[in-house]
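In the two assemblies presented below, chain A is common to both, partnered first by chain B and then by chain C.
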Partner chain A sequence: MPEQTHTRYGSNIGQPLTRREGLLKVTGSARFAADNHPEGMLYAALATSTIARGRVTFLDVAAAKAHPGVVDVIVPGNTPQLAFDPDDKDSPFTFRMDVLQNDRVRYANQAIAVVIGETLEAATEGAALLAPRYDVEPARMGLDGNETFVPPAVGVGEPPDIDNGGDVDAGLAGSAKRVDATYETPAQYHNAMEPHAIVAQWDGDKLTVDTPSQALTMGQGRIAQLFGIDPANILIRSPFLGGGFGSKALMKGPQILGIMAARRTGRPVKLVLRRDQMFGPVGHRAPTRQTVRMGTDDSGQIQAIHHHNHTATSSFDDFFEPAANLSHTLYAAPALKTTHTAVRLDTGTPLFMRAPGEASGSIALESAVDEMAEACGMDPLAFRLKNYAEVEPISGKPFSSKNLRECYEQGAAAFGWSKRAAAPRTMRDEAGLLVGWGMGTATFPALIFAADARATLKADGTGLVEIGAQDMGQGAWTALAQIAADGLGLDIDQVEFRMGSSDLPNGGIAGGSGHTATAGNAIHAAGGDVIAKLARLATDDQRSPLFGAGNAGVVARDGRLVRRDDESRGESYADILARAGLPALEGQGSAGADQDAQKRYAMHAHGAVFAEVKVDPELGQIRCTRLVGAFAAGRVINPRLVRSQYFGGMIWGVSFALHEEAVMDHRSGRPLNANLGEYHVPVNADIPSLEAILVDEKDSIINALGVKGVGEIGITGTAGAIANAVYHATGVRVRQAPIRLERLLGDLPLAAE
Partner chain B sequence: MNRFDYIRAESVADAVKAKASDSQARFIAGGTNILDLMKYDVERPTRLVDITRLPLAEIAERPDGGLRIGALVSNAKLAYDERVRQRFPLLSSAILAGASAQLRNAASTGGNLLQRTRCYYFYDTATPCNKREPGSGCPAIAGVNRIHAILGTSEHCIATHPSDMCVALAALGATVEVEGPGGARSIAFGDFHRLPGATPEVDTTLRADEIIVSVDVPAQDYGQHYTYLKLRDRLSYAFALVSVAVALKVDGGAVTEARIALGGVAHKPWRDEAAERLLVGRPAGLDAFKAVADHILAPAVGRSQNTFKIGLARKAIIRALSQAAAGTPQSQVDKRIQ
Partner chain C sequence: MYAFNYHRPASLAEASAVLVANADAKFMAGGQTLLPAMKLRLANPSDLVDLVALRAELSGIRREGDRVVIGAMTRHGEIATSDVLLAAIPALAGMAAIVGDPAVRSRGTMGGSLANNDPAADYPAAALALGATIVTDRREIAADHYFLGLFETALEEGEIITAIAWPIPKRAGYEKFRNPASRYAMVGVFVAERADGAVRVTVTGAGASGVFRATDFETALTADFSSAALAGVAASPEGLNTDIHADAEYRAHLVGVMARRAVAAATA
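Showing the complex of A and B:
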């Protein structure tokens, strides 16, 4: 933890400010990537494969070129030369991509050509006129029927099999009560409102791109690698993202194709994916089949947990949904192990999607815990408290902070959990609907990545803070500006805050729920660096009323430095700079993981989610009517935005439990519902009364600001809570997400029969 | 999307002429379906004939006390029209169960009748589909068919008609008034949509050179005993897995008239008049309702993923009849099933 050289008082952190860019967004004046139209711009449209596996044998390029307005057609063989093989991999974050390097088709909706036109319409019709022919090979689909193997690693580099040294089989054999249940989750696609889009323009070997990116510096590095140019020659502008959810964390093939199209034509080019084209090349959440084996003694104390996940990746790259690993942190178990297996399918490569691993793993584990509690004859909350992990079960490490007990307590109280009937299918509302109450525990690791920031104090005493951070819609423009202002001891209106561009200091990744911790700590440290320099100027200067106070004897507040021992003695930032003859004072800050603390502590955010569903007793229609979540995630920078993140996560949990599913045709390998009409996410009518409780939690170990992440945790816990509520309402345990009414119907006879 | 000509029709005769002169021409009104179909390359019209300026956007009184609904009346205007709400609440309810507020604002009455199936395979030009490319095959029969038809299917097609409004219109015994080069004619609603048979590419009995000018609903008195019950995967903006429109007249506890139509189960709104007759003269109670449901569903055939629809439809018919008989219609505001 960095040493605090002085004290800064800020009134900005902790305030529920509204989004600073909100007016721009609601008036349509926020400029998203596809809103850019540089002079002379052309439009590129992808032609995408209609098969999932095989080779392209023919494209009617002549027909496309003959179409009025078509300028160029890029196919394998006439692409600009790349400096790095797109099928090479030099890090776990380098994912193989399809940029017309050959005629192979590896999944449905893969790019097989790019048509460039003077208008979007010309390019689009040109792409349709290519009328491809193929050598088709049978698609390999589904979790069965293909060779199962143990992946070399899951997630980004975790071992596939992990245990805590306990003997799981012996633990299960010796258990008085056991659960052995298998849960399935389907493939899901990120489907951010804003599709992947790029506007690329070259000027010699200099490249400017407007594209949504959750990781500007990484994106810059990837483009530089592929095109063999200096990263410093690449400017990526990404002031706003219309959602990312992980799918915009890495440069994807279509974005590279847009840059290639600009290279080839020598003109600026815009390429925007159609919704159906997002079901393939830009990642998805892989399907899982998870088996949880769990056993307890007579008192309900867990003796052993084995969480196994069987998942899928693409035929040509590795990303394995680390779903079982969620079990590492939540419930105390003397014997605990997680294992993974996988198959290779003819789909695009899966990728991290909001709470990757945790979301899928949570619905399985929380359902299994509910089944275990019932087997023990215990209330689900009492069972969780009985098996509360005082140390991280997989590692034995203490938690840097863990206020989960308080989450359980506050959430249960707000929900009214104590009035829950123990037996399923015994609660009804006044209209006769079956009522179910279920709960789940939420958890997400508290991550932090490397980042740098720059803070400048100007002659007039106002500040400028700069960082290449990214706002995916989570509110970084606001929350980070609050931190920036407090870092400089200024009011937020006295600070100009710049972010969202790759020519600013590396803001790290907006992902892993780590962006506020990452960028925020870098920003705060940069402010601290400026104030330390300023304090030195004053306290070393005999003309200053602060002379001799020493750095630690000075407090920065409201644009002034004052003596800690006598706050009436002080002077303004502007006066200090003026006397020193300085036009500005610049400071640097950085953030990153504290390796020592990470070795010693487990770091996670926690929460408890309580769900009510109502189910028609005959027709099986399920409606989630109430969700209460209580979360402890360290220091809250902006309660309004944090609550909004929890709501977003909880709504995603509704989606996971009841709606989302990519419907695949196993013969053709094609996703059939590749549009937002048929790929269901909840609409307003599906979203219940939501309550998110912000539970106090102080963590002096995790990072200087004491911030954990809030972006993904809301999904975990929620999906399982809803599944458990459906069971409680109906007495029917559905172990397959999403829970569809036909999975209940057989057990819901007509009342009169 | 292909290149196409665009012309604006100034009169009904003008529109008919423009379409008759070009077999690949299509009318466009709200555009809520034709534009999707064009973007997916399912439809590649050579010419779009914009009919939105035609004088067909009014709801007029018919001499018999019924209503003449102009083909260009928007779904939203129709659903919220006070006469419709008072005299044909079943129609209003069915419309409000469908689509979204935005779509209902744009979609027209005639266009609603002519919307095409939402079968996944129909929309995916990479796959065969007898409706899109006659003779190419039906991948839904042995494929993903959870949302498909259980009644009136053929070996060539198991697609459903997606409309909610049309289910109510079928129950209400509407007529479709059309004009063509040979003049005007009237098509009974039950004859307007077709079953797929061996020619699933033909959705309706409207001829290629005809235009819908209005949908006429005869006077009737189902204002007390009606309901539109829709079951779907989310509570709004989702097509029906099964929907049921019911309109009854009940006198002293006995049914004197009954209309029942189903959506989401067939290539057309499914009305079974023999089943309706089973109700007449019987007490409005469970025994009669079950008999009706069993009669309607006797010919139902499930496929690998949609067999549940048979049992669901049975329960839905019984529930809808119960709602209608009790005079407690399904609310489309609060989406809760009652």
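Showing the complex of A and C:
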């Protein structure tokens, strides 16, 4: 990492450092997976199916092989033998994958062959020459495209139906005001800037792969399982990810095919997915149709909430978007229940996509709350405050911390919410555009996974901290290094920090917004461990000024240990190690969920998002002109990076509400817009003004560092806030995301005035 | 991309000869439509006849009396910034300025666009409204007889557009609702009052068979050339495109709004 100077006011944590790898990235010298070109490397190209269901009956392998530069063609039947059936499952995180195990096609853009060439052009042309023929079966598409069933579990092992013991039907029946509305969200694809890419090279039974991974140890285990080799013989290098968003959490079929290609040819192979090939085998956010039924008494107090989610999974595996479960945590309700149903469709298996469940659930719940507030004749913020949950509604547990009230307050003040006109379609700007203000509550669970870290103090008093953590662009290289430095009581420039490689201690998963909590706590504990060892060396040694400090204790600061009761007495790390004759001293640390605390407390981050939209009354064209979010998510390690995570999440919220939709052709089962020209995401011009407020929150229960997660929460709240703002601007309630111009046109008295 | 033979003829006659001799040969001007189609294997020409060597001969913008003549190989970017055109037909220069993005405008040509006749392309609307003449190596074709449907024109095998002659109107305006990604027209409406007083309103991007005249709008504007005159005039969704970007109803609605805004631009 390049040197960087900064002012440190005692602690590294809390400093707004810029990304330590920023220079590498802006100069193009950060090496992403596909930037690797080992000696003798071949290129692999996937041939992918143009049907969604059926069998491949013919591939013109001879034509592909005859093309100059084509080295090999892998088709079902000539793949290297696997040690584990790719259609088997042995854990909730083992997902079935398509690696040419047979001639079945289960979704469009599934790999049906791999062509390997001396050049990318040769491989690509070879793949095109395969000219596949198929036995086509009708594709089952759309939320009504197959039989509806109740899934055995949703998300990762959560029951499909949950309630808090209250009688929802009675509660609704006894309510003075009711809302019963159905909201739809489309399939969305992650579309990280960096497509899934792999460079694989075998050396006997040893395998080295460069591939983006949000979970190095899990990835290593999966490859080991499939190829029947010792995980210790696999090295995965993933120093940088060009975005992951969940789609790089697990090894995917195409990555395994790249490894197979290297095995068959005996040479290093690079395989990079094309943009259109990412619409199938690497996961997506499943479509949902959600019904929210809610009732209040005369005063606007919620009596009952029923949130139902109907979603889709693939024909061959299970992942059910747990969208309704968002309602477990936000609004107090004596009777609360969530239910799920699903269909099986001929698509790739949906998977975790940034705020899986929460994002889709939030736009439905926040829209319904807005409708409910209006039915009660209440301001949306006043309504939310009236129904503020002091304990977690589904469980009755207290929150480990919850500063949502402050989020509402600070967000509303910054936005100017008090000036909102109550009635819809009453605000205009100077240009005559309709103006709408809407809000939503944001929430995301505070997760932590298992991880280990190693910290070493060297003879010169500097530190080395190592963990197989992952930087997806969120800034882990910087934030984790800040924690590492504090753990060792050193300045950040005195600590060498290593991560992003599977030969380092298990850094857990960079997912579920839990990476800073997970890796950070492991790192901090490792630092604490080595400092404790060092302290023992000093306090046991008569020659040390710290001798006998045992009971009073010592503090590590700026490369020195000092007596807690007399800071003038102390000595440097280097001196302690030198006297002990040690070239280095090593410590270990780990992190994981505190089961006991989890039983007793509900743990979530919270926020409030306020949105302004302007709508052209003639065209229905919508612009989100202003977004203010205020979030409370425990301790902030690096405010600059945290703000950037909130911005990113809020922009995803804009995308969810106004842009993103994978349009599926129900006849062919293919996505019609598998490219970034037609799969719309916001660009800079779509995001004129963003503000993220970091609301103070101390949480001494959640984990040693008091860190919650910030990566996903920004989407929640935002999409609903925008939908509500569109309603407020136009008086037209569109219950289908994205809110498209023509969906607004249906009811908008366009140009009528 | 399929394999093909590449030619760079030095004369019009030579270029035409390659096309006549090879049934599956194609001209290439800016390549902004042809090359992407070839990369996607949607086009498979046996021979590619690159007209780049004829650029000197086939490009340029000059005023000839009451018309402006633009060489077929003139690029969108050159058209957008031409002082001659900005003075004579600013609506046409303004149209060129919003074709695609800067990269497209610095390669794509007026001849290529008119030869291609994409149903969402801009120039066809201007050509039909202003009464342009398509000049080829063989003849002159009036715009009214040139556009024959989706990607269909009156051009024959091997016929090369050399120039387009644009009569200078009294006033004209163009408004386009752009696809946010490609910038192609979801709907574009060109309104013109020609030198002889005839009013034309043409629509691109909306019609299932390409550019068309909106005659109800023409009638209303003939009586009163003002956007107020279009207040009660609506386009029918019948025969309009529905695709993932917008449905026919929305496009019909856009025709009305774009027409009013185009008249406002023409009369500003």
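Simple rule for what comes next: the second predicted complex is superposed on the first by the 732 of 753 C-alpha atoms of A that agree within 3 Å, B and C clash if a C-alpha of one lies under 4 Å from a C-alpha of the other, contacts with A are read in each partner's own complex, and residues count from 1 in each chain.
One rule holds in what follows: contacts are C-beta pairs under 8 Å (C-beta built on N, C-alpha and C of every residue); 3 or more make two chains touch, one makes a residue touch a chain.
All figures in this text were calculated on a predicted structure; none of them were measured in a lab.
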Clash-or-fit label for the pair chain B, chain C on chain A: clash
Contacts of A:Asp696 with chain B and chain C, given as first, second, both or neither: neither
Which superposed partner A:Glu678 touches (first chain B, second chain C, both, neither): both
Partner chain in contact with A:Asp169 - chain B first, chain C second, else both or neither: neither
Touching partner for A:Asp566 - first (chain B), second (chain C), both, neither: neither
Partner chain in contact with A:Arg623 - chain B first, chain C second, else both or neither: first
Chain C-contacting residues of chain A that also contact chain B: 125, 128, 618-620, 663, 672-673, 677-678, 680, 741-742, 745, 750
Partner chain A, residues of chain B touching it in the complex: 1-3, 41, 100, 118, 120-121, 124-127, 139, 143-144, 231, 233-238, 241, 286, 308, 311-312, 315-316, 318-319, 335-338
Residues of chain C that touch chain A when the two form their complex: 1, 41, 177, 180-182, 244-247, 249-250, 253-254, 256-257
Interfacial residue positions of chain A with respect to chain C in the complex: 125, 128, 618-620, 663, 672-673, 676-678, 680, 741-742, 745, 750-751
Residue ranges of chain A in contact with chain B within the complex: 50-51, 68, 108, 121, 124-125, 128, 431, 433, 614, 616, 618-621, 623, 658-659, 663, 665, 667-668, 670, 672-673, 677-678, 680, 682-686, 740-742, 745-746, 750, 752
